[in-house]
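Below: the structure, in structure tokens.
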């Protein structure tokens, strides 16, 4: 399963050189991670409120291939790159809609957390029902 | 009472024209509002956790006099402009440290809220002890 | 003429109370201002590169009616509120798609600027061809 | 050489769980990269305007050890992790001032770019004078 989000690069995303200021890519990637869960029927707001589960960040990275510029339409494809007992790696491939050239390749390693006590977040095994949903969504599946 | 915060304009604050992207001013103003409360001995985190009180936004505005540019040091002076039973207006005067020229004049009208039920925020009278602290901090006082 | 943009409130837009952190509204409003110009056939990137004209900010404001929350779909309607020789006021009405309740009413007063010399921005009369396009786009027109 | 920046976590840095929204770390890291250059006598604004050189991003990453929370004071130590003909890796170590516990370890791989033609950025060898300054600033040096 792949989730695809399109958006347009806006003035406020640019730096003084007229190219995307790189923390913006991480904002979009975070949003696409949430929408990927949503596309699997897993609403993160409900997981939190009803089951005290959130997928926090263990590690993130981006490689930058081409700069994003004003007004370009971009496409972000999100898919599972790896799935383990407690962790999930999402890959986010950001491309220029025009020409399909890759701009950025982002990774988020997310860890399943028990957030019952917000002041003391604990890593936990991904519950079996969620694991099954994520497992079926893997590209190889 | 006036609270003064200094900061430097960074690359990530700029737009493609090389001047500050205006939502950044609001981020700084929000931060300076919190530090103003802090300077009065009112920690917003504790007001929330211990008394279920937060000062939410009813209205904000900024007038822009001169653009902020890379690397400039700015000074933000925050003071109470008005105080009523439920509301407080903070004025934030943002100036270039070099030359003391005004860049931005911002206002935040904040309203006292009972946040016991996060899904149903309610306006409330500012409690007497907080009102007294704020009243003493007014410039005329 | 009214330009309408829909978007969804994302995790990264929220503050610790679970409601939209208000500078985000200004980021969206700025984007909707650009898209409003675009809908009139005025691409801001081209105005800048080809004619050295940008519409900078003189004043912005927002009034907050209801908090935005995770995952809500919002609709932002942008229209001209006032048009003068050098300035333009855009009104941005932000509503919850579900129920059509107003969340935020934002204003941007933008001033026409000659940006030939980025270090010395100058206010200027709105050129006649642009003024005519903006004038026809007024709600009363 | 190590450059140290201290800052305080503000309300607007938090997500709905009350911990820092991770793209904020990248904004701070970017700023600390600029301040690191500055501490070496290399003002990025002048490198750009006078020599058409900027250090763009090839890759960034962060590992998250502990969540940042409201009002905490953090310390960001920046140093050179690697230096090659065209590229530079900066390491940013973000710690809680109280207790000196690591929160985040960030890396930025920056590539020297000729920005004479903003629409066609080109990688280039780091000029000898800049390379010498960076080389002397390495921790081993």
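The letters A, B, C and D name the chains in turn, as written, and every chain counts its residues from 1.
Methods note: contacts are C-beta pairs under 8 Å (C-beta built on N, C-alpha and C of every residue); 3 or more make two chains touch, one makes a residue touch a chain.
All figures in this text were calculated on a predicted structure; none of them were measured in a lab.
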Exercise for review: Please give the intersection of the contact partners of chain A with those of chain D.
Suggested key: B, C
Revision key, fill the gap. At the largest C-alpha centroid distance from chain C we find chain D
Check your understanding: Taking each chain's centre as the mean of its CA atoms, how far is chain B from chain C in angstrom?
Key -> 23
Review point. How many angstrom lie between the CA centroids of chain C and chain D, rounded to a whole number?
Key: 33
Practice item. Report, in whole Å, the distance between the mean C-alpha point of chain B and the mean C-alpha point of chain D. Key: 28
Study note, to complete from the structure: Residues in chain A with touches to at least two other chains are numbered 11-12, 17-18, 21, 23, 27, 30, 70
Practice item. Would you tell me which residues of chain B are touching chain A in their complex? Key: 11-12, 14-18, 21, 23, 70
Exercise for review: Mind listing the chain C positions that touch chain A in their complex?
Suggested key: 10-12, 27, 30-31, 34, 43-45, 70-71
Revision key, fill the gap. Residue set of chain B touching chain C in the complex reads 17-19, 21-24, 26-27, 30, 48, 54, 56-64, 67, 115, 118, 121
